[in-house]
Each structure stands twice: as structure tokens, then as C-alpha cells.
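Below are two complexes that have chain A in common, paired first with chain B and then with chain C.
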Partner chain A sequence: MSKALANKKVLPSREAGLFKELLNLYEGRQLKKGLKTADTILKKFPEHGETICMKGLVLVHMGRREEGIDLVKKGVRLDLTSHIVWHVFGLIQKGEKNYEEALKSYSQALRFDKNINILRDAASLQTQLRSYESLVETRHTLLRLRPNLRQHWVGLSVAHYLNGNLKEAKVVLEKYLATLKNVPSHDVEQSETLLYYIHVLEELGEYTEALSLLDSHSRNRDIVDKTAISETRARLLTKLSSPEASEAWHTLLERNSDCHTYYLGYLASHGHPIPPSTPSHPDPDALALISSLTTEFPRARASKRLGLVLSEGDEFKSRAEEYIKGSLVKGIPSLFSDLKSLYTDNAKCTAIEEIVERLQVEFKDASSSPKGSEEPTTYLWTLYLLAQHHSALGRHSKALELLEEALAHTPTLPELHIFKGRVLKRAGDYWGAAACVNEARVLDGQDRFLNTKTGKYLLRAGCVKEAGDVFGLFTKKDAASPGVDLEDMQSMLYLLEEARAHETNGQPNLALKKYMAVKRIYNEIEDDQYDFHGYCLRKFNIMTYLRMLKWEDTVRSQAPYVTAAVNGANILVASYDDPEIVKSLAVAHEQLSSTSKKAAKKAKKKAAVAAAAAAKMGGLDGKTPQQHSNEDKGLEPPTAKDEDPEGLKALTGEGTPVLEQAWKLLQPLLEVGLEENVEVWLAVYDVAIRRGRYLQAVGALEKAKKAGGEEHPEVHVRVVDLKQRAATLSDLKEPVKSVLEEAIKKLYPVEVSPETFNSQYLQKHSQDPKAVIAAARASKILNAPVEEVDGTVFSLLNTDINLSVKVRSPSPPLFHLYFRSDVAMCTMYRTPWSP
Partner chain B sequence: MTSTSSKQSRVSFASLTENNLGTVRKLNSVLFPIKYSEKFYQDILAPEVEDFCKLVYYNDIPVGTISCRFENKDDQKVLYLMTMGILAPYRSRGLGSKALEQVLTAAASHKSKVDKVYLHVQVSNDDAKRFYEVNGFVQSSVHEGYYKKITPADAWVLEKQVN
Partner chain C sequence: MNIRPARVEDLAGMQAANLQNLPENYSMKFWLYHAMTWPQISFVAEDHKGRIVGYVLAKIDDQESSEDPVHGHVNSISVLRSFRRLGLANKLMLASQEAMRSVYKATYVTLHVRKSNKAALGLYRDSLGFKVDKVEEKYYADGEDAYSMRLTMTD
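For the complex of A and B:
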């Protein structure tokens, strides 16, 4: 029996030679020949696991995926102690982006052979999965196997660094540098390694050591990145409070006098640290330093802008006037967005208003005749700035008045039309806004910015088809639709805006599709880092690589993902609560498609005929194309056909239950530093409480309360919801039960009934529209009669409610709001039959 | 150009394309009392008139337009100036003269010889007439009933020989 087993595994020399050839053919992607060789071996040894695996791998590359994978699995079963079969299996799993399983297979392979290729792949997988402890081990093994390779030393140091062990990272580098002999100067790899070494020392707080290393190596020309040398030097000198620091920053300013960071560094080295992004930090001494720099670098704007932060009162006024006037004369369109961050300081906001209003009067006369001292364009930009100012403060009519004057002056400046659209949008007139932005678009059909804005505004108005037509002017002509191309190009703006439009139009199923597309893009972004784990270390781009890893760790905290995840989860939760939503959507879709079924049938027939013709032309009889068998299709599965184009199956939970889908969307948000984001924790609560994860739910609600305050309308709704649900929970086990009770007590500390709690809340916030809606929703949760809920909602019509904040209407009758004069411009509540 | 040190004025011209035609339409709609036909807009895009149909930019903002077409009159090749206009706030700054000069220079150096340039001015529009006379045009006749939809309907015909 043992002989039979040996026969299965060890090939005689002729076949062993063939197998080696097979491996080489595979490496060279000579797939057709490889397949033939495998078959030759298998003719004699049909049970040879390694060959079966290799044949399967080759088949997958040739596009015969299922057949290939079956063979690989069979091969693994036949030879569980071969590193080759496990390596092949790991490759297949990696191709499917199943990193966890792939790593398991690689670990199996490593049990039988410490192969350097397998170790490298395993290291990449461990980095991808952020299992840094095992990464250190793998890198250690690699270094022990081949200590003569430079990248193995650096690889181990980086692994220690990622694992948070800076001391070890440093020790490895020290040892590594000691082994080096005769490194030529200007060696980029050495240069990058040294910069990384200095960075490690800096993070360890060993500034003196870092500085002397930097200085000696920059003198030897070992470090070639000159900017990095100067910036690191200035930073280290500042941290050491050295008198040379300011000199170092000054050198940098000579190179680039418009770099904000350099100015902050310069001031810090003089003992004036400025907190980043503050509107006001009055400091006369710092201001004097900045003034002398302004004299030295008169063309730089950064120092003048910084002067607006460091000054206050009359000093601010005179500086702001000079700054604004200069910018208007120059015609800088982005002036307002430059100034906007100062507006959080009320005094500065008022001062700017005074200045610009004075300039408006002054320039109006000075620009009206050719003999005047100012250009007409200067006056035009002044009107534009002032309109933006008023609009930012919510004075829509005033802004429109100024824009009308500007448009009468010069109707050909696209910025004016765009901004008029924006004001109308802010006032709630989405249709008017889209029309204005389109005016700007037709002025310059070549401008993609204007095109995209128009598409976006059309989507805000709910016009999905029209938006597609506009976007289509710039998308690839051979794409199936503009939307498909924009999704390929990873346009978050398009996906999120169209999703929002579908939601407004009452088609959450289509909205969910777009949100899921955003999620897919983020999956791709995460997958894309994989290849860099090997590449960057081989090329010694260490610092960039470390920055990339850090960025990838928190990439899901970006606004597009957060929006998609939260809104997508909300849609799923709504359809979980009320399955009628999906049913009525399905019925509507059915009706729509039955009318267009005939057309679809026709199209299908046509497509079938075309396909048949194509097949005939290729001379195929339905089998795999033999001619193309050497074409490498890679290991990644081809994108599957969309089985759910309407998104209705996702919404009914066919395949994956809706709450599981929602949870998958939200889960990546839990640990990426979004503690301040109320929406996230509210969504987490909504999903967790319905999944029966009570402790997780109360935890999320506590966070929401911390981020938004206990009076936050949405938090209020959840507190009532929690209290209501808790009353019906009886069969909870300890310790969950007591922990939950304790948490509820904290969230709901009062002794009154939920109904009283809710009406007290309503009384307290009867002027705040969001709170009124929240109270109405809470009373619906408490099963109050419909009349009572409606009554609460309709109290919004009372004129003492401040509607400067727009409310998304939860119930159609709210369109009556347009009778109120203070929201006269708003069209969002109107229905087609209202005037 | 009158330009003081605090003022900065940049004048430039751009050829017409399908894409900036919207700007020309916008300018025409505020500058002239006439609504121009689609054919007019197609004609000014023709490659042979590229040097004679321009957008006028002032400090990078389009503020005026000039457009011409070729005509054959009594075996002579003449250039007819169809439209020329500058937005009100930008007038008397030499923009019109520069635009006209641009066209006249192009006419003088055109590969097929251009004999003269002519145009119509509504008889009420003294300012326009003076502008063209300053720029070397002379009145040759009065075209009675030239305008169909606006009054006065008569137009002066002004022309200038191209050397």
C-alpha cells in the first residue's frame, strides 16, 4: 500500500522532468503547451495531485474557470502534504480576493516547504490583512533564508514598524547599515532607506541622532531628495528648539514662498505656534514676523492670507481691504472660498461685509467710464463676491438681487449663472437652479466642470434621464450608458447624486444599487493596494508606501463611503420595517415592464439572431475557442452578469437578508475615527437593534448622543424607540439583561412614560422643524392615532416655526408649505398640480 | 489703450467653434434687437470665415463679438460685416476698434483678394456711424426699408476699400 501511495506522489524521472517543464511553461504563460504536458503526465499517472492542480491552474488562466477549480480541489485532496498543491490553491483564492482563506492555504504550503516565493506572497497577504505580528515572523524567516538581499532587511524593519515596535525597527536598520560596504553616492534605494531610518528615529523622539544622521548623509550625497532633506531638517531643528530652526524654514520659503506649512514652521521656530485652520489667532509679534516676510516675498499670497488670521480689529480691516481689493483687481474667481474660513469669526465676517460693500460703491463709479480708475471686470468680481457673501449668510433675495445686476452687466461669465443656480438651490428651487446652471453650460460646451455641475443639479431636481443626457456629452461613446462609464471611472459624485435622485423619486431600489456601486469602488481601492506590498519594498519607496497604508486604513471614513453606507443602510432598514414598500415597487415595475415587454422581446430576438450570426462567423460550435487558448485570462473571476438590475432582489433580502447587507455596509465605519458623526451611530443603532444585538445598539446610541447631544431630534427618536422595544423583551439572558437595563437607564433617566417624554420634548422644541418631525415620528413609534401624528406634522405650518433649515418632507401634504412667504422660492414641496 | 498702472487690461480674440457658440448667442441676444437664424450661426462656423468671426475677450471674459461673410458683388470679392458689438460696460475702451482692425488686417492679407468691406447701420444710430467713420468707413448710400421688424427701417450703407 505504501508503494501505491508513493507511486501516486513521486513521479519517475521522465515524468518528473515533464512536470518541471510544466512549471516552466506555466511561468512563461505558455498555456496550451502546458495543458498538453499535464495531460501527458496524467495519461500515465491520472491520480498525481500536483499535476492535476497545475492543470486546473492552467485551465483557469485559459478561462475554463469552473473546470479548473474542480481539478485544483481534487488535486489538493489527492496530495495534502505537497506545498505545490497548497500554493496553487492559495493562488486561486487570492485571485478571488479571498485573502483570509488564501493565507490559510499559504500557511499549509509553508508547513511543507519554506519556499521563498510562497513566503513573499504570504507576507503580502499578511500585510493586506494587517496581521502584523505574523508578518514580522514571515519577514524574519525570509531574512534568515537570504540575508544577502537588501530588501529582506528593510522588509523586516518595516514589519516591526507596522507592528508598532519602533525600537526593533531601528535595531534592524542599524544592523543592516553596518553590513553595507561601498554604497555609491546618489543611490536612490539607499537614499530612501536613510530617510525611513531618520523617520523612525524622529518617531522615537531621538531628534539629535536623527539630525546628525541627516546632516552627515546629506553632505555625502547619500540622500538625493533635496526637498525631503530641507523639510526634515527644519522640522527636527524646531523639535530640538534649536536657534538654527528659523534659518532652516527661511531656506524653504526661499524655495517656495507660497507654502502655508513653511510659514507655520517659521512662526513656530520663533515661538509662535499657530493652531491649524483657525479663523483668528491675534498675535502682534507673529504678525510683525509675517509682515517682514511679505516685504521679502511680495508676490506670495500665503503670507498675506496668514496676516488675516494673525490680526484683529482695525489692523485686520486694513489688511483685509488690501487683500480683497488686490484679488478683485486681479480677478481671482475663488476669492470667496479663500475667505470663507474666516467667517466663523463673527467680527471678521462683519468687517469683510463692510469692506466689500464699500468697495462695491467705490468701484461702481470708478469703473463706469473709460477714464475711471478701475476696470469693469473689477466691479463685476466685486458683485460676485458680495452675492456669495450674502448667500453664505442665508440672505438669498439679497444675493439674487446682486447677481441680477452682475448678469445685466456681463451675461457671459459662467460663474454668475452657476452661482445663481446655487442660490436657488439653497433656497429650495431645484428646477430653477438646474435651468440656471444649464445657462452656464451652453456658454462653453467644452467645459466639463460646467457639464458635471449641470448634471448634478438636474439630479438634484430628480431629472435622472435629462442628467444622463448631459453627462453623456462627455462620457465614452462606446459605453453601454453614460452611467456605466461614470461608474467605471469611479465617479462618486455621479453615483451619490443619482442615488439621491432615485430616493427623491421614490425608487429606493435603484438608489440602493448606486450606493452598493460606491461600496464596490471602495472594495477595489482596498484591493488595489495588494500589489504594492511587494512592489514598494522591492523598489524601496518606503515612506510613500507607509503613507499609503495609513491612508488605506481610514479610507472608508471618506464622505462618499459614509454617505453611501448610511443611506444604503437606511433604505434596507426601511424595507425591513415595511415589506409593503418593496411589494409596491415590484408591482410598479411589473406594470412598467409589461408595457415595454413587447419591445424587449423584439430586442431579445434581434440580439439572439446577431449572436447566432457572430457564432457562425467565428465558425464555432459552442465549444471553448481553441484558437485563443494561449490567451491569459488571469486568475480573477470575470465580473458576473447583474442578476438584479432593478435592485428589487436586494431589497427583499433574496440571497442575503436585508439586515445582513446593511450591517456589511456599516461595519467598516466602526473603527475609522468617526466618533463625531451622529448619522453613522444612528444607522448602527437602527441595524443592531433589529438584528437583536442589543448591547451593540445601546453602545451606538450612546455614541450618537455624545456626538449629537441628547436633544438631537434623531437621537430623541431612537431613545423612544429603544424604550418601546425594551418593554417587549423578556427572554434575555444574564449578563446581557442587566447591562442593557443599566444602559437604558443612562439613556432614559426619567421616570415618565414614553408618551409624556415625547410630548415634553415637543413642547421644549416646538420652534425647531426637525424636532417637530422627530416628535411626530416618535409618536408613530408609540402607536399614537394617525390624527395625532398628522397634527404634530401639520404644526409645521405655523408661522412661528423657523424654516431657515429645510426639512425633507416625510409626508406629501407638506407641499402646502409653499404658501408660506419665507419659503416662497422653495419648490421642493410642490407637486405637479400645485401652482 | 488708456491704461493706468493700477489697471490691467488684456484684450484677446478667440475663433468660433461649436462649443463657444452659446456665448455668441448670449451676446447677440443682449446686443442686438434682432433674433438671428440657425443658418446665421452655422455660417459663422465655416472655416473660410474663421479670421473674420471672433469673440472678443477683456481680462479673460467674453464681452463682444464680430462676424462677417463673403459676398460676390459685380465681380468683386467683398466682405460684409454682419454683426459687431461690445457689452455696454466695456465700450469706449478701444475694443471695437481692435476687433475691426483685426478683421481689416485679415482681409488685407487674405489669400483671395478682398476689395472692400461694407456694412449696414440703422439710421437712428449716430454713435455707430461715427465709430465707423473714425475707422475710415464712408457712407455710400441709404438702403430704404432694410429692416423688416424694427423702426426706423432704413439703414446707412458704409464701406471701406481694402488696399
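For the complex of A and C:
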């Protein structure tokens, strides 16, 4: 290094002192003073990289983001061997959630200084990125540097655990525990550490050792979490097939007799394993065990309910009657939802119907006589139960009849209105359903549950504005709109229901906005874990932390994300196939915007008033926050203004091509254990085939076929689609070409033409409405004449087709469906569907 | 029906139940913070399909001084309307109180309740033995007063 260059980097003692002060001021977020100090140094040494970086960092905190970042970058260039500049750059990148790049900067910083803080941040980034091998290295370095810090030992053990090296995880823990002296009894941190240790032993299969540690440490009160002690004990004894296991499960029941899983553990330990979620598993011995538990814990419902699974025939009938009667007398609204899982056993379903119908007669007499032995509400709940029963079996009119009787009896029970709404919804009358649920809502305006239901039902009816008004009764008043508050609070229910409503209303652009909002929330949830990588080790809450990491790994397999990703991708694919969709939406929006401009003006005014009020409450006395330049705005970029409020730009692919957007939605679904979900693989096929990723497409279609079966209507459409597209592909290179040909042979093993293949499919499934629609779509793909496609769709009007499917299509023939008696209550076809 | 300690995998269901039932809502980070800090004292009620139908979210309050004994606080508790009358709220509260006491040696529990919420008030006072400590004016965002309630737990 030349002398001149070195001088540029090393400050004389006065400025070095100032620089130290600058670091301290930054730590204390004394931003204004920090800025001043930085400028003082820079006056004399304008090329001092570290000071420039620090100034940039301070400016970013003050909200002067772009300017600040430019300085940071400049500072880095001026002093590439300083750990400070790389650390600062890493902080900025971390603030932008760019974890990969941040880690690179931290690694640079560590080349020049093994600073504890930088190492810790690097460990967090490595965990966030699941780079467990390098995490082990970092934790090793930390432990070597500061072996006296307890969290460094546990940190290394956890790193080994995450890296799949349980043996090392155990060795490190044992060394750590051996170093501990004078640990006070009843220490929560120590307790959690020991539970982690026992868990590692359990994972290693060392059950006996785990058990003896558990026992000795719980006796000393080193482990204080009694539930965890008892649960771990029961589990270990079960794994050891110990005769003491059943006693351990019994201990758990004494602690908590409302836990279903404890009963299952107890039965299994007696040699009676019960398969999960089965409606019927007759076993007289198990039943006897359960009966004695019922006597022991008479207030627990779990054992009585389990008795209904373990019994059959007359035994079932008498148990079911007692269970149902008791619940009706108590007025338990969830009774039907509780019983429903038994219905997959036909005999039990019939028996329940008989019992409830008998009780209906019994309670009717009892409640109508003045000296009735039962409360009138018992009869009401019986009617409610019976209506739910019939509705679940598709007998809508019977259900409504019972509900009318109940409502005439007591018009003020919200549950009755809600259920009437549900019956109408099931029958296809969405508007009637929303009206009913709204009646429940007005009966108890304080109850948000009823409010949420009403909003949801209004959305099912496509009434977006009305739903917003209803939701708004409970959302924050200072939010720009009810929807904004619900989105901030991460309400998946709201976002998905409103998206669906927009799709029903023919506004896929607005639906896509909501699906993208769901995606953003999942990004947030993934970012949320970051701070806990260091925090949980400091707290020694290791077990809950390990669970969180595992949960985060597959968080996108949750239903809300899957729905948003698949539906969002479908919208994008449709707009890719037919750009006319977006054009007509844009025209419609133009026409509307003259009226909505007025509304926007009003909303703007309202927001201004709210902002003024908020400023007043914050003691700002109307001053704009910018004047308080010491205010820390943090390192995260502020949320950018939404430049595409109508979602039309996204749908035209302005910015990011539509297929790329679709792919970004679907990509996280590939590795989170969704092999059984046919919708996911169909969507992946649709996007991949259009992106020219042929092998990926056939791979997805194979998975869809595996998940849904080859006769699955949507799979059929794709097989035809693939065959059709493959015929036009000519310039494929090897080995893609031959792999693709092989795959197509497997997916389309017949020698017939696609047209014949399709008509054979239609013939085979002419009773299944979904298959009929699929065949129609396939013939459209095969460029069949319109009359032929229409003809296939028209065949849905044949009364021998079971219309258990909801069909949404702008095709006029479907409006005639309501003339069919079995869908007489359905209103969704009565109003023309206009995009 | 299952009553059991809340785990990380339950948080999404707890958040959804809270949004459906109550006006005070929180983003996922807040729920995670509780699960990562006091993993033993929050509980859920789930139905046979594993859906969360009720929850209690609890924490251990910061001690204001060394004389201030350790105490717990119930941040949020609710049960879906369709799963009422099963005594779930009562059971959830009892489970949480027991865990606060045995794990953290908490000596009392506090909570806030809307003045107008007669049903909840009845549960806390009559079934669980809470007493009104003070009234906190305009505690809620909509301007309603809260009762600050307290239950002393002794061995």
C-alpha cells in the first residue's frame, strides 16, 4: 500500500477522536449531531471512506435515502479494506432485505476484522439464508473469541443441529453443561436449554438417556415447564414401549382432560392405536378404557366424543343420544360441526338422523307445554341441528323449512340467520345469503364475528363496496380505507374473499392486486424471523425457535398463499393468452374514472383530515415531521407509492412480463411438500409451457396426473394442450427433444388423434359436468368450430347431469340453468354476468 | 376439541381467529414475539380438524422495580362465536394462569376488558375470580374505557 493512500485512510488523533464520537452518536441515534461531526471530519479529509460511509448511513436514517446510499457506495470504493465500510454497506443491504448481498458484504468485513457484532449479524444472515454449513463456522469463531458467553455455546450447538449434525450438537451441549457452575434452581433459561438437550437425545434415538436426564432434572426443579416434562416423558416411555407409558399419559390427562391427543396416547399405550380422523373404529376394549376415563373426568367432552368413534350399532346409538341430548340442553352451537366427521360412516349418519328426529318430537312437546321439563331453547337448538344435518346432505328446502320454524319461534338468535344464509349460499343464492347474515349482524352490532361473516357473504355475492362499508364498522378509523387496515393486519380472509369477488365481477386486475398483497404478507412473514435468530439464543428459548425455523421453511404451503399463487398465476396466464382482456378492462376503467375521480378527491380530503388529527395527537402541532430531522426513519426503504392502483399495468406486463410474475408466484410452491395438490401442478404446467420450459412443464403435468388421476378433467385439458403444442415445436435441441418425446408418450400413450382422444373422453364422462366443460375447452384448444364447442357446453342442460359443480361462464346457455328444478334457488345465473 | 399449549404452527390460526372476533389486531411479528419469548403460557383450542377456534395470548410483564413481583398479563383472548358455551375461554385462562405460575412464578395476572363487554366481565370476575383494579379511561382506540383487572394467584 502506498504511503499517500495509507494516509488518506488513517486519521490524525483529533479526527480519529471525532470519528469515534461519530460512531457513538450513531449508536445513540443522535443523527443531527452525528451528521455535523461527519461533516467536520470531511472538511479536512473529504476522501475519508469510513466517514463518508457513516455520513451516508446517518442520512439514510434521517430519511435522505438516495443521497445516503450514494455516499455509502462512494465510501466503500475509497476504502475497500476497511471492515467499517463493508459493515455499513451490509447494514444498508440488510435493510433492503437483500440478504444474499448483505452476507457478501459482511463476509468482506470479516476478512479485515473478526468483530463480534459483525459475526453475530453474519450468523443471523446465514440462518435466514439457511446456509447452515457456514453458520457452523461463524458460531465456532464466536465461541473461540468469547467462550465465556453462554449463548455462544448454545449457538454452536444449534448450528450443528440445523446443519443435520446431531452428534456434534450433543457434544457441544455436554461440554457447555459441564462448564456451568452454581446454576440457580428454577431458572427458565436453564430449563429451556435442558429441554433442548433432551430433544437432541430423543432425535438421536437415545431414549433411555433422555428419560433419565428428564427425570433427574425435573426432580431438582431444573426443568420448570410441567407440561413439557409430562409430554416428553409420555412420549419417551411410549417410544421405549415401557409399561409405565400408560401411567404417564394418565398423568397428562389429570393435568388436562380436554386434550384429545392425550387420550389417543393413553389408548395406544394400552395396545389400542386409533387411526387419526376415522369416523368409526369399533373396539370394545378401548371403549371400556374410555368409559372409565369418562367416569374419572366427567366434565371432559373429549372422552365422550371418542366413545362415538370406538362404538357401533346399538352401543353407538345410546352413546350418541346421550351426547347429542346433553349438548342440546346446554345449547352448544358447534354440535353439528362436531358430529359431522362421523357422517362418512353411513350407518352413523342414519342413526344420528333418527335420534335427532326423535328428540325433535320429544322437545317440541316438552317445550310447548307450560310446565315443560325442557327450556324452549333446547327445542330451538334441536331444529338448528336438524337443519344443519339436512343441509349437509344437500336437502336445502328441508333445511330452510326447519329454519323458518325456528325463526318463527325465536327471531333473535343470530345463529339461525347465519345458518339460513349458509343454506342459501350452498343453494347458489348469494344475495339472499348475504341478506340473512346481515340480519344476524344487526342483532348484535358489537360482535365482530357477525360483522366478518356479513362482509364475507357480501363479497361472495360480489358486493365489494357494501362489504367494505360493513368491515369498516370495526376497522381503524384513521386507516385510508377498511381494506387498507385489513391488509395491514394481514387478514387473509378479507384479501382472498375480495379477490374472489373481483374475479366474479369480471375484474381480474383488481383480484390480482389482492393476490399480490397476500404474496407481500408472506414475504413479510419470512422477514419477520430475522430478528429472532439472535434474540432466541439470548433468551435460550431454543425449542420454540427451532419450531419457528421449520415452520418458516414451509410457510408458503399454507392454504392462503397457495390459493393466491395459483389464482394469481391463472389470471396472468389468461391475460397472456388473450391480451384483449386487459384492453377491454382498461376501456371500462377509463369510462368509470370520471366518476371515481370525484370519489378519489373526497378520499384524499378525508385522508388529509385524518393525517392532521394524527399529527395533533402525536404532539406535532401541525408541524410536518420533516422538520424533526433527528427522527430515526430506520434502514428499511419506505413503502413506495402504488403506481398501479388498478392492477392494469401488472396485467399488461408493464415492468415485469406477465409470465415472469406468474412464475414468481408459483416458484415457492415447488419444494414445500404440495405433491398432492393438483391445482398447483396444473398452474405450474400452464406457466412453464408458455415460458418454453418444456421439461419443467411435462414434469409438472406428470405430478398433476399423479395427484389428480389421468381422468381428472383439468389434467385432460392439459394433455390435449401439450399434444397440440408439441406438434408445432420443431427447433428443439437434444437432449430436450428426446426427453420431451418420451414424457409425452407416457402422458399420451394412445395412437389416436387428439380429436378422437377428446371425444372418447367426453363419451366416457358425459355425466360429469366438470369433464364436459373440460372436453369443450379441449376442443377449443384443438380449434374445433364454435358450434361444436357450444354444443358440448349445451349438453350440460340435460337433466341427467349432476350439477354439483359451480360453473362460471359468460356463455349465454348457462343462464337457462335456473329453469332446472334442482337448482331453482340458485340466483347466480339470473343476472347476466358482465365483465 | 383440544386444549393445548400454543405452538408456532398455530399462530396463523390464532391471528385469523383474533381478526374475526376482536377489534384489536396485530401483525404476525407480534404473535411471533410472544411465542419466541414466553413459549409456555399461551394456549389454543382446536376442533377435530385442527382449526384454531379459540386462543389466549399471554406474556410476562416487565417488572417496574425489583420489589414489583413477577406477574403475567393476558394480551388477547377469544373464542369463535360458533364455539361458545363449551367453556373454552375458562379452560384457556386456567391453563395459561397455571403455566404463568409454575414456569415464571408469577404471583398475579392482569388484563383489560371493555367496560361494555358484560359476558367477558362475568367470566373474569365470577368464574375466574378477577377483581377490578382500576378504570383506564379511553383505553381503546374507539374511545371506550377499560377495566384493568387483576387476579392474585397463591399456591
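Rule of thumb we're sticking to: the second predicted complex is superposed on the first by the 793 of 835 C-alpha atoms of A that agree within 3 Å, B and C clash if a C-alpha of one lies under 4 Å from a C-alpha of the other, contacts with A are read in each partner's own complex, and residues count from 1 in each chain.
We take it that a contact is a pair of C-beta atoms (placed from the backbone, for glycine too) under 8 Å apart; a residue touches a chain by one contact, two chains touch by 3 or more.
All of these numbers come straight from a predicted model, not from anything done at the bench.
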Legend entry - First, second, both or neither for A:492, with chain B first and chain C second: second
Inset, instruction - For A:748, select first, second, both or neither according to whether it touches chain B, chain C, the two together, or no partner. - result: neither
Inset, instruction - Spot which of chain B and chain C makes contact with more residues of chain A, would you? - result: C
Inset, instruction - Mind working out whether A:343 is in touch with chain B, chain C, both or neither, as first, second, both or neither? - result: neither
Inset, instruction - Once the structures are superposed on A, label A:446 by its partner contacts, choosing first (chain B), second (chain C), both or neither. - result: both
Inset, instruction - Have a look at where A:544 lands relative to chain B and chain C in the superposition and call it first, second, both or neither. - result: second
Inset, instruction - Pick one for A:331: touches chain B only (first), chain C only (second), both, or neither. - result: both
Inset, instruction - Have a look at where A:409 lands relative to chain B and chain C in the superposition and call it first, second, both or neither. - result: first
Inset, instruction - For A:297, decide between first (touching chain B), second (touching chain C), both and neither. - result: neither
Legend entry - Touching both chain C and chain B, counted on chain A across the two superposed complexes: 330-331, 446
Inset, instruction - Going by the contact rule at the top, pick out the chain B residues touching chain A in the complex. - result: 2, 4, 6-9, 17-23, 25-27, 30, 58-63, 87, 89-93
Legend entry - Interfacial residue positions of chain A with respect to chain B in the complex: 329-331, 367-371, 373-377, 379-380, 409-413, 441-446
Legend entry - Residues of chain C touching chain A in the complex: 1-5, 7-9, 12, 15-16, 19-23, 25-29, 32, 35-37, 39-40, 47-49, 53, 80-86, 91, 95, 99, 102-105, 116, 141-142
Inset, instruction - Would you mind writing out the residues of chain A in touch with chain C in their complex? - result: 186, 188, 191-192, 224-228, 256, 258-261, 277, 301-302, 305, 330-334, 337-338, 341, 414-415, 446-450, 452, 474, 476-477, 486, 488-493, 521, 524-525, 528-529, 532, 535-536, 539, 541, 543-545, 547-548, 551, 558
